[in-house]
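So, here's a batch of structures to check.
The two complexes that follow have chain A in common; it is paired with chain B in the first and with chain C in the second.
Moving on to the complex of A and B:
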C-alpha cells in the first residue's frame, strides 16, 4: 500500500493495519478516543435502489477487508437511506451530521440529492466524498468540502466523442438521454468534443425519465452513423432491447456513458448489448490488486459484479483511509480532513492511479469498453485506455470555466436536422 | 413516412398491453367503486413471479398463466381478509391498497433485488417483420393477438354467462342486486381475483420489452387510471377503446411533442372528467 508508506509518522500504525496486526497495539496514540465515523448516504428503496445497494456493498467490502480499521483507527459506519429524493437527502444529511456526528459523508447517489445538500455541507464543514456527477459541484461552484473520486457527467463523454471521431471515423451522431441534468450534461460534453472535432450531432432526443416504451423515440433517429446515449438506472436495459428489436443494433453503432453500460447491469442484459461501446472510469476487468480483491469479495458475499457505484464507494473508502493518514490527529476537524481529501494521490485503486484536482474532481484513466460475450457471459472488454483524463478534457481550466455549465441548450446544437 | 407507420403499429401494440392491464382495473373500479392502487403492484409482482417461473424452466405461456393464478390467489386473499373488513369505507379501502402497494414494492426489492430483469422473448416469436426497410418485432404484434383473444373471452364472460350478468348487475346497482339475491360480496372477491390475474398476465406478457425493475408499478398505474377514466369504470368496451386511444396518444405525443408528452396524455382525461365524468362508455351512477 503505497499511500500508507508515504506518511512516515503514522507508518507503523498503517503498516500494522494492512498486515492484519491489531493496530491498537501498534499505535496507541491514534487508537485512543472515539472511532472515526463514516456516514453513507445511499438509496435502498425505489427505482434508484439498484445503484444504492451497490454503493453499500462496495463500501462494506472495503471496510470488511480492512477489518473496520483505517490507518490504525477504528471506523464506525452509519448507513442512511435517502429514498432517492432531495428532501430525503436533506433530512438524512442533517441526521448524520447533527445526531450521529459523522466525520465524513460518502454519497449520495443522485445529482439532485447532492445539490440539495451542498450548502448544508459547506455550512457545517462536513467533508463529503461524492459519486453523484453534477458538474458544477467541482467546477464553477466548487465546494471545498466535497471531492469526487469518480467522474463528472461529461468526463467520460468527452472521451467517447474523441474515440468515435478518431478511431471509428464517425461523423453524424444522434444523442438520446433522459431529460434531466445528468443526461443534459453528458450529451452536452459529447456534443462539444464531437462537433469541435468535425462531427455533427444531427438529432437530440430527450425521453422523460419515466418512459415505459422507447420505440417512439428510436423511430425518430433516422440516418446517422452512430447513436450516443446517457441512460441511467434500469432504463438502458429497456432501451437496448427496443433498439435491437427495431433492427438498429445491426445497422447503427450504439455508444454511451458509464451508467449506460455499467458492469452491474450486464447480468440483466442479453445479446442485444453485444458491441455496445461505453466510456467509464472503472472496469471490473481492470487488472489491479485492489480491483481483484473487490471483484472476488463482491462475487463471494453478494453474488454480483461491481459496477461504478460499488467501485466508487470502495474507492471512497480508500480516500478516507488516505486522508486519515494525511490529516493524522486533525482528522476529526472537518476543514483539515477536507483539505487532506484534496491532497489524495492514489497509485493503486480499482480504477488505477488517480489524483484529485484543485476543485475536487478525480484526474485518472477513462476506459473505452466494448460489450462482448466470453464463456457465455457478457463482459465489458477494455479496447482503449485514455490516461490522466481531467474533468476539463484537453481544454485549459480557466477557459472551460468561462463557459456556462453544460445543459440542454449549451453548447447550442447548430446542426440539427429534422 | 416510415416513422408514422412504425408509430401507428406500436400504438396498437401498446394499446393491447394496456387493455390487458386495465380490463381488471376497470371491473374492480366499476363494481367496488374504488380505484385499486395495488393494480400496478399486481402487474409488477406478476412480472417478477413470471420471471421466476421462467427461470425454473417453465415455458413462456405456462409461466404467464402460473403467475396469473398465483396472483389471483393473492388478490382473493387481500379482498377476503383485508378489504372486506373495511366494507363501505371507500377512502379507507383506497388507502389500504396504497399501503399494500408500498409493501409489495419493498418486498419485491428484497426478493428480486434492484437489478432489472428482462426475460427473453418466447422463441417462436423472436425476430422481426421487414417490409420495405421497415422493421417491426413479431412479438409485439403477438401481444395484440393475445389482447384481442382476451377481450373476446372477457366479453363472452361478462355478456353471455350468468356470472357475467351478476357482475353487470353489481356494477349497475349493487344494493338492488343484493335485494334480488345476488351475493355481491362474493362477486367482489371474484372480480378482485380476476383483476389481479389479468394484471399479472399483462405483466409477464409485457416483461420482454418493458423489462422488470423497481418502480415499474408506479409507471403502469397512472396509465391504467387514465384508460379507465377515459373509457368509463366497469365497461370493457370502454377499457378497450381507452387503451387504444392512450396507445396512440402516447406514441404520437412522445414523437411529435416530447416535451408535452404527459400533457397530451392527461388532457383527454381532464376533458372527459369535465365534460363526461362517467367516461366514454360509463353509465351514470344511480
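Moving on to the complex of A and C:
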C-alpha cells in the first residue's frame, strides 16, 4: 500500500472567510517562487486502469527527466484516481482545485469523465490538458481552458479511411467497435471519409463493452474487403485473437484507430497482430530525440513500451513547460495560462511537431502503422505519415461544425447490407 | 428518562455541529464532501425503507435515482424552470417506483431482488441507448443550480445548507414514519406476513406504499445529485450505484435511522478522501466491510451500540445484576 505524495494542508484551519471557489485565485500559495502545481487525473482502479497507469508513468518520466523543474520553476505533482466514473471525476477535480490548488490539470482518461467536469473547469478557470478524445470538447462545446495535444476520436480514423481508399484501393468495409461514445465517434469518422471517397460501409457491429467472446460478431462480418475496428482497453487483444482463430486475418485486412493497436498492447499480442494497420498520432518507433528518451526511460523504469496514454502525458508535460515559458509571471493566473496553452507550438516532441488550433485541439502528424515482427518483437512500423492533420480533416471548420457530432446514427449508414 | 435525555443532548450537539460545519471545516473541498455524504445519506435512508423495514432488498434503486436526475436535466435543458423540473422529476420517479412496485411485489426475497435488478438494468439500457433523449454515453450537462427564493446555491456552503435541510427533512420523515401505524404495519409485514394477512392487513398495499415512500426520497436524492454534479450520464443508473447504496444501508445497519447515514459517510469518505492517500482504497473499503460483517453482522450502528452496552455492563457488573433481578421480581 503506497501513500501518495501530498502537500500538507496549510489553510485547513483558516475558517469561513476564504470560502468559495474564488479562494483559489486569492490563495497565498500561488505567490511567486511557490512550486507550480500539476494535478493528474487518472484511473488506477477498475477496467480502465491499464491506460491510467501509463498516463502516470508518462508524466513521471517527463518530470524526472526535467528534475521536477520546468523553466527554472519547481513543479509539484498531485495524482488523483477518479475510479473511472463521472461523479468520481467531478469530486477529484474539486479535490485538485479546491484543496490542492493546482495550477493545471492533466487528464482525465475517459471521455465521460472529461465531459462531466468541463463546466466546472470553466467556472473555476482551471487550465486542463486533455487526453480523453470526446469530439465536442474541442468542437461544438469548445472550452477556452482546455487543450488536447493528442487527437479527437475520429482524427486518426479520417486518415485510415483515406489510406484504405487511396493506397489499398479497398471499397467495401465492415466496422466493429464497442457500443459507447468513443467507438461511435471513431466509426462515424471512418465511415464519413470512406463513403464520401466512394467506399461503402456495409456492416456496422457494436458488441457491448464487456464481451467475453467475439466469435458471434466476427461471424456476421460477411463479404467485405476490410474490417475497421475501434476497440479500446484490453478488448483489441481478445478481438484479434478471435479474428485470427476464425481464419479471417489472412483473407480480410484488419485496421483500427489508435487504441486498437496501442504500442502498450504489443507485449500482450502475438502473431495474430501481424499486418494489422492502425492510425495514431504517436508511434513508439518515431525517431525524435524526446521520443527516444521517453522510450528508453519507460523501458528502464517500468519495463514497458509507451503507448498513446504515456506519450500523451509526456507531451502534456511538454505543453506545461512551453506554456510556462510563454505566460511567464502570469502562469499562476488560470486564464493567462490557458491562453498560453493555446499558443504553444512544439517543434520537437514524441509525436513530432504540432500546434494547437483555435478550438484547442492538436494539428499534427498522424501515422499509419503496420504491425511487424522485428528481432522477435512486435513493432508498429510507420508506413505512411499524413502531415498536419486537423480534427476537421480536409473539411472547412464551419461546415464541419454545422453537422451534429459523430454518433451511432450520424452520419447515417445508407449502404448497410444484411 | 435518562436515556431519552441523553438522546436529546446528543441530537442537539449533532445538529449544532452540522449547522456550523462550513465554519469549522474551513476548506471548500471538505464542505463539498459533506454535501455528498448528505445526499447519499438521503438515498440510503430511502432505500432503507424497503431493505430495513419492509425486508425487501432492491437492486434497482439506482435507476429511480437516475430517472429523477434525468427528468430534471432534460426538462431544464429544454427550457423549463427549475421548479417544473424538480416537481416533474419527483412525480416521474414516484410513478416509475409504482410501476417497479407493481412488477416486483409479485415476489419477495431473491425473486424481488432479481426483478428490481432487471428493471434497473432496463432503465440503464434506455439511458445509454436512447441517445436522442439522454445524449447517451456523453451525458447531459446541467448548466446552473436552481435558485430557490433567489438564493444562490453556487457556492459550496450554500449548497451544503440546502442538502442539510433536505437531509433533516428526510430524517424527520423517517422518525415519523417508523413511529406511525403504517411503519409498525410495515415491520409486521416483514416479520410475519401471513399473520398480518390473517389480521386483515393488506400486505401488498402496505409494501406498495413503502415502495412509493422509498421512491420519493430516492427521487429527492437524485435531484440533489444532479444539482451537485451538474452532470448526469448512464453510469449513475448502473448496477454499481445500486450495490453501493445497498452496501451503505447494510454496513451501517438496516432498519435504523443512523445506520444508513453512517454507511453513506463511510463509503463517501473512503471513495473521496481516503483514495487521495491510499492507492488501494478499494481494498481498505473491502476490509472495513468484512470487519463489519464479521464482528457486527447487524451493521455498524447497532453493533457499536451493542458493544458499548457490553462494555457498560462489564464495568458495573453487580449493579446491573441487581437491577435486572429487581425488575423481574416487581
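We take it that the second predicted complex is superposed on the first by the 386 of 418 C-alpha atoms of A that agree within 3 Å, B and C clash if a C-alpha of one lies under 4 Å from a C-alpha of the other, contacts with A are read in each partner's own complex, and residues count from 1 in each chain.
One rule holds in what follows: a contact is a pair of C-beta atoms (placed from the backbone, for glycine too) under 8 Å apart; a residue touches a chain by one contact, two chains touch by 3 or more.
Model, not experiment: these values are computed from the prediction.
In the superposition on chain A, A:265 contacts chain B only, with no contact to chain C. Legend: residue contacts after superposition of the two complexes on their common chain; A:115 is shown touching chain C, with no touch to chain B. After overlaying the two complexes on the shared chain, residue contacts for A:237 are found with chain B alone; chain C is out of touch. By the touch criterion defined above, A:299 reaches neither chain B nor chain C.
Touch criterion met: A:210 reaches chain B, while chain C stays clear of it. When the two complexes are overlaid on their common chain A, residue A:245 makes contact with chain B while staying clear of chain C.
Which of chain B and chain C touches more residues of chain A: that partner is C.
Within the superposed three-chain model, A:45 lies in touch with chain B and with chain C [touch as defined at top].
Residues common to the contacts of chain A with chain B and with chain C across the two structures: 44-45. For chain A in complex with chain B, the residues that touch the partner chain are 44-47, 49-53, 179, 205-208, 210-213, 215-217, 219-220, 233-234, 237-238, 241-242, 245-247, 264-265, 267-270, 304.
Across the complex, chain A is touched by residues 22-24, 26-33, 36, 131, 136-139, 141, 143, 155-157, 225, 229-231, 233, 235-236, 271-272, 275-283 of chain C. Residue ranges of chain B in contact with chain A, taken from their complex: 2-3, 6-7, 10, 14, 105-106, 109, 113-118, 120, 128, 130, 135-137, 139-140, 208-211, 213-215, 219-220, 223, 250-252, 254-255, 258-259, 261-262. By the touch criterion given at the top, residues 1-4, 6, 9, 11-16, 18-21, 23, 44-45, 80-81, 83, 85-88, 90-92, 94-95, 98-99, 111-112, 115-120, 134, 136, 180-181, 184, 407-409 of chain A touch chain C in their complex.
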